[in-house]
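Letters A, B, C, D and E name the chains as they come in the text, with residue numbers starting at 1 for each one.
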Amino acid sequence: MAKIAYQKLTDHSSFFWGLLGFHVLVIAAGLGAALYMEHHGHVVTGMSNQIVWGAPHVFAVFLIVAASGALNVASFSSVFNKLAYKPYARLSGVLAIALLMGGLAILVLDLGRPDRLIVAMTTYNFRSIFAWNIYLYVGFIAVVGLYLYVMMDRRVSRSETPTRIVGGFAFFWRFALTTGTGSIFGFLIARDAYSSAIMAVLFIAASFLYGLAFTVLVLLTMSRETRHELISEDMLGKFRGLFILFALAVLYITAVFHLTKLYAPDYREVETFLLRDGGIYTLAFWGGQIGIGLLLPLAILVLRGSGRHAWHAVAIAAPLFLIGGVAQMYFTIIGGQAYPLRLFPGMQVSSSFHDGAIAQYWPSLPEVLLGVSGVSLAMLLTGVALKLLPFLPRQASV
Amino acid sequence: SQITLAVGEESKLVPHPPKGRGEHCVAATDIMRRNHMKLMKHQRDETVREGVRGKAFSLTGCVDCHAVKGSDGQPVSYADSRHFCRSCHDYAAVSIDCFQCHASRPGSEKPHAAQGIGSTALAAVAAYFQGGSQ
Amino acid sequence: MQTTLYAVMFYVAAAIFAGGLGLRVWQYARTPVPLKIPTTPAPITRAGATFRVLREVTVFESLFKSNKWIWLFGWIFHIALALVLVRHLRYFTQPVWTPVALAQPLGIYAGFAMVGALFVLWVRRVAISRMRYISDAFDHLILLLLLAIGATGLGMTFIAPTDIVALKGFFLGLMAFNWQPLPADPLLLSHLALVALLMVVFPFTKLLHAPGVFFSPSRNQADDARERRYAPRPLAKA
Amino acid sequence: MTEDKSVDEGRRGFLISSVAVATTFLAPGVTLYALGGDAAAAETAPASAKVRWGLLIDAAKCGDGCSACIDACSRAHGWQSTGHPETDPQWVRKITATDPKTGAGFSAPVMCQHCANAPCVDVCPTGASFKRADGIVLVDRHICIGCRYCMMACPYKARSFVHEPVADQKPDAPRGKGTVESCTLCASRIDAGGVPHCVEACKTKGHGAIVFGDLNDPSSDIAKRIATYRSTRIRADLGCDAAVYYTNI
Amino acid sequence: MERIETQDRDESPLYPDPLEIPALAYGAMAKSKPYPASAAHQAALGFPGELVDNWQEKAVAKLGELVANNRALRFYLDGCVRCGACTDKCHYFLGTGDPNNMPVARQNLMRKVYRRYFTLSGRIAPSLVGAEDLTREVLDEWYTYFHQCSQCRRCSVYCPFGIDTAEISMAAREIMDHIGMGQKYCNEIIGKVFKIGNNLGLPPKALKATLAGLEEEIEEETGVPVRLPLDEEGADILLVTPSADFFASPHMEGLIGYAKVLHESGVSWTFSSHASEAANFGMFIGSRENMQKVAQRIADAARDLKVKRIVFGECGHAWRVGYNFLDTLAGPFDFLDRRYPVPQHICEFTYDLIQQGKLRLDKSKNDHIRLTFHDSCNVARASRMGDMPGGQFEIPRAILRACCNHYYDMDPDTIREATLCCGGGGGLLTDELMDLRTKGASPRMKALREVADEHGVTHMAAICAICKAQFSKVLPKFGFDMEAIVSVHQMVSNAIVLTGSKQDEEANEADEQAGPVPAVAAQAETAEPAQAANAQEEA
């Protein structure tokens, strides 16, 4: 078996610098937004006592979910021994860490008291799934870091075994992580829109899709930067197959999720709201997640995904999946909160505290900037990492 | 010996926090100078988490005894650099967020703390201690 | 008593530190560089070479290429040290400069990072046979000295606080030649004694790498031998 | 936790810094006194696990158009409208409920229900949301990071996030931007042997719609009433075991 | 050490790791020493013939003088923090496991003496800072281990302070020379340069005959009368090349390559019998005087022959001296045509022609070769080609790619500025050090083995006479063919289609369509006129 050669990014195109510059600007804007929010308080955001988690959380959860999915490519090679994916294993690890960091940065900067980050890291309530998640996140970074190390260290990487073991462990960890993230919502018994165990499964399926989309996008961008194809035609076909598979899985689980809920009388009301009467949320679901995010790219991949157009099809489908992902999170997180808590089921209620009313939410510019800057941070970290260490595969002969 | 600052010499090199109400603080000045943050933090947890109230190291208590009157005769808030706490904190570049939540001026209600300090025996001991250390 | 002792000690230590370091820097600056010896590939302009040195000083670029572990802990140690020293500026300036005041909370974490990284560096020196072979006693001692300074410092921050206000008064007093009393806390006195020791040994040991790194010809020369003739001043014949 | 030792350490630090033998000798006495040796014993006693404080609210007695309890709470704790209804905190609010089929309804104040199985406590990552020994659920705002997960979890919408900077707080009721707050059952008053502001205000108004007392003490007024009249708790189906009971809803 | 027996690789499923860190083998190389210089060899260079009586005093004094006159040496002795970053970077350490071959340990041999005599800490508390007196044992250690450093600067690349062990071993050899403890190989050779004009001691007459022979050979092969002129006054270019090029394979093939390229360019050129040597062993022994004298010969020859440009042939340290020191030592060169860099490397010259599309190269002529490139240390880490940092890596590769279809790089951690020394540089290319040379070459050989196994690489090109000579000797010891080492210009020589040659005609007859094209898209002239004017004086 030939050894796979790797490369760092060297002599950069202006395109690369432009891209980095763009991300730096977005991150600066995001930091500015965070400072602005910290100074004035969350009153300057669209969030309220009704919608307590807003746009930042949409992006953060999206990135965290994508992070665990990004590791898939590595897992294919180390856990399932699919050698074709091996050249991308390093990249997928780096991307996973970067995406997670991007997501966590948003969460931290959105806190009411970001200055107490140290409290969050030193005081734990072990009953809290959220606290568990902090462990899961930090652990994920550590495990994937170790995984990269065993893959890249000259001496350790000579044997396959460490890569196998640590890779398997990382694979296990990523499941725990997505399950944990899904459970943040799944465990909210009071919120009719969430409480369901399928939530975690849905998050896992979604993570596969978004993680792969990010991986493919980075590979395509870097193919341009290194001036040679990092994805062979063969691999392109494989990626396309995976996309179709994952997208169908997400479609299927989404359908099961909503159908079971519709079936239960308790949840019928909230489902009717979300799927039919929810205005922007209904639109985000049908138009965003299902239409643009799943059906459209599926159609493109199935109809135009082979032959001459394969490259274009994949390049268009990947961002569409990601847009769909953001829509899905918007629908889930914000739509789920918009529907009021039922303190007195069956009764019509009102109060000065907006009981019984559908909550209104419109994200303000700062919080959107903060959210988007998380994506930029993830991309910037990836770019810098690719520059510093040989994560990208290289064609053997030049 | 030179355990405490020579407050007597009006040196410009060190700050001279305004004297609090009464004869002495809830613990010896030396301890307060070094450990007030830990003492308060300890009490904070006791009060908030366990419901223990009325002990000495209450923030409301400090604020009451250490109120500094401004030019208008009213106690100044932490926003004013003459505030007792700031007289040192500015000097030592310490920033505290306590007064984002806590009132930095005494309220009208009578404070809980410091009631036990009236004892003359204690005052005598403290006076001895302070006298001996100068 | 300790006030007088420490006041004298710090005057002496400061004199040795400043004098010794000044002498070494002057020596480095004065010693000729007979030939062009940049390690290539090197920047071809002076500005580029300056930037190269800055990269070495700030991100330890060569060390990163060389060994990721040493880089990681070495860099953490130095950055943390820098932050701790910035935090310490509050004892010597009045009023305290705003950035220094803002950096205060960072300094505390930096203290931990510094001590942790020093510890790892020391373990490395003890555990790896290659490192043992190249280390002499002082390589261990300097790490232990810094560890001890850090440990006593952290002790003051977290276990037995000292009277910071009085301490600052002492140092401002030293600088104004108007002595103020120094609090007699054992941790503080140890911390300060160790710091004085560090200041004394600094100009005579490998700690000279700090000023020296700016003078390393293989890093600070531009690779322009063919573009501009390099003609150093003639050698001082001995 | 290291804080537990800080008083001792204070003493030790003090000892260390004392050079004179005499002061060393006297020091323990000084600190002992200073720590409030003869302060009122009742006040320094910690909350007891033997009691469980609770409320019983009679919707039938709650007057139409009355908001005395809410006003009292707001006045005592300093939360009030800043003109942003969506983000203004409300520790307690009056909910009016009507059955759409029959048109019958009621209205009653709803505040934190001080759940025994509090979801807010379960989810809080830092443990800032906690339950005191006597069943009162509080936010320790010194370690609350403002993540708002507790708000997502609370089935009663009992909590508010402080969206804006606060000034001029009451000395006894610190509150500040970026943390989450809710009804404290007037814990500081209870610790001093009093009753919550809202209970007092309702009584003063002459409605007497809220009864306060120890649910664990069968001889207490509240326990007797709960034993006698049919009462319920909001969303009892969720199993939170709230400490606030309602009748006539 | 048995580590170097890497031939029976078949049994191991793993690739040999060129950078594998060996376990420490204390004193493993303590016996390796070069032959000492005889009194005659010493005298020719102005050094005492045998160990002088007050050698200790003189050595310490000389050390003081060197430190006072060389900022690099001063800081390198002071500034090392024993971080250990360099410990696994020296190929001699990788190949021998002898801890004294770790660069920092090598430096420490001198540092301990420096500390003892020149620093306060070493005078007060020698045991604390590892300071030691300069005893006979220490001196012997110096002789042993400063002759196990090929001055390749690999350690300097990785040291956070750029500490260059080469500077220290040069200083050590200079000190030893001054107390009469010279090394035979270097000092004898320098003597030959002074006496005859080149390292090999090839007298002008023999040189002339050799060149004539080569001319014949080329004409026979190509049908084109390519000239190899000697001492032709008024030629445009003076070509200085290592004397090995006149003599042995594969050097000579490279020389033929230069001749063909120069012929094809149409520029007039010449060798000089006075400066028939590009190499400058004065650098290896750290002797500025000797280095200056050798360099001066080139300046004199250029002036005498009234040339306009100086071009260097393929030789690593010669290029370092030429590129970095020549102007300082023997300049200024105002009499040359300053539109061209002084000096120029033959690779730069060839590369420019390729860029301009002036060379016809038929890559298929090298189809029997699967090639890799060994970056020679002194070119890689101590000089440059072209006008971009790193041109010394790109230009030879660009030439090779233009000349052959199958090119593969070795492990990225062993090429370019990370390149591993051939094991024979720095004045160690002598038979009595064969054991050291073999072990020192083993990391490079393992890297070669990797590409040989993976990509079927058959040949390795180099641009240094010492590398080529060393590799021809050690390749067989690692199971490779002795002929696996080639000159870069040998590849050019194979591929070049001289105008009017037999090959040219064949090609023209065959067809026009697949005509060899310049490999790289033509660019504007790269050899920009150097800014001659601002030759700078430092105060």
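Throughout what follows, a residue touches a chain if its C-beta (ideal position, glycine included) is under 8 Å from a C-beta of that chain, and two chains touch if they have at least 3 such contacts.
According to UniProt, the chain labels map to these proteins: A = Polysulphide reductase NrfD; C = Nitrate reductase gamma subunit; D = 4Fe-4S ferredoxin iron-sulfur binding domain-containing protein; E = Putative reductase, iron-sulfur binding subunit.
The structure presented is a predicted model; accordingly, all values stated were derived computationally and were not measured.
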item: Shortest walk length in steps over touching chains, chain B through to chain E; value: 2
item: Most distant chain from chain E, judged by the mean position of its C-alpha atoms; value: D
item: Central chain (distance from its CA mean to the mean of all protein CA atoms); value: C
item: Interface ranked first by C-beta contact pairs; value: C-E
item: Approximate Å spacing (C-alpha centroids) for the pair chain C, chain E; value: 38
item: Centre-of-Cα separation between chain D and chain C, whole angstrom; value: 52
item: Separation of chain A from chain C, taking each centre as the mean of its C-alpha atoms, in whole Å; value: 43
item: Residue numbers of chain C (touch at least two other chains); value: 160-161, 183-185
item: Multi-partner residues of chain B (at least 2 other chains); value: 1, 3, 30, 34-35, 38, 97
item: Junction residues of chain D, two or more chains touched; value: 9, 13, 17, 19, 165, 177, 179
item: Chain A contact footprint on chain E (complex, rising order); value: 14-15, 17, 19-20, 406-409, 412-413, 450, 454-455
item: For the chain B and chain C complex, residues of the former touching the latter; value: 1-6, 11, 13-15, 30, 33-35, 37-38, 88, 90-95
item: Residue ranges of chain B touching chain D (in the complex, touch as defined); value: 1, 3, 25-28, 30-31, 34-35, 38-39, 41-42, 44-46, 48-56, 60, 63, 97, 100-103, 106-107, 109, 112-113, 115-117, 119, 121-122, 125-126, 128-129, 132-133
item: Contact footprint of chain E on chain A as seen in their complex; value: 2-3, 5-7, 154-155, 158, 390, 396-398
item: Residues of chain C touching chain E in the complex; value: 24, 27-28, 31-37, 39-44, 56, 60, 62-63, 65-67, 70, 74, 124-125, 128-131, 133-139, 141, 201, 204-206, 208-209, 212-213, 215-219, 223, 225-233, 235-236, 238
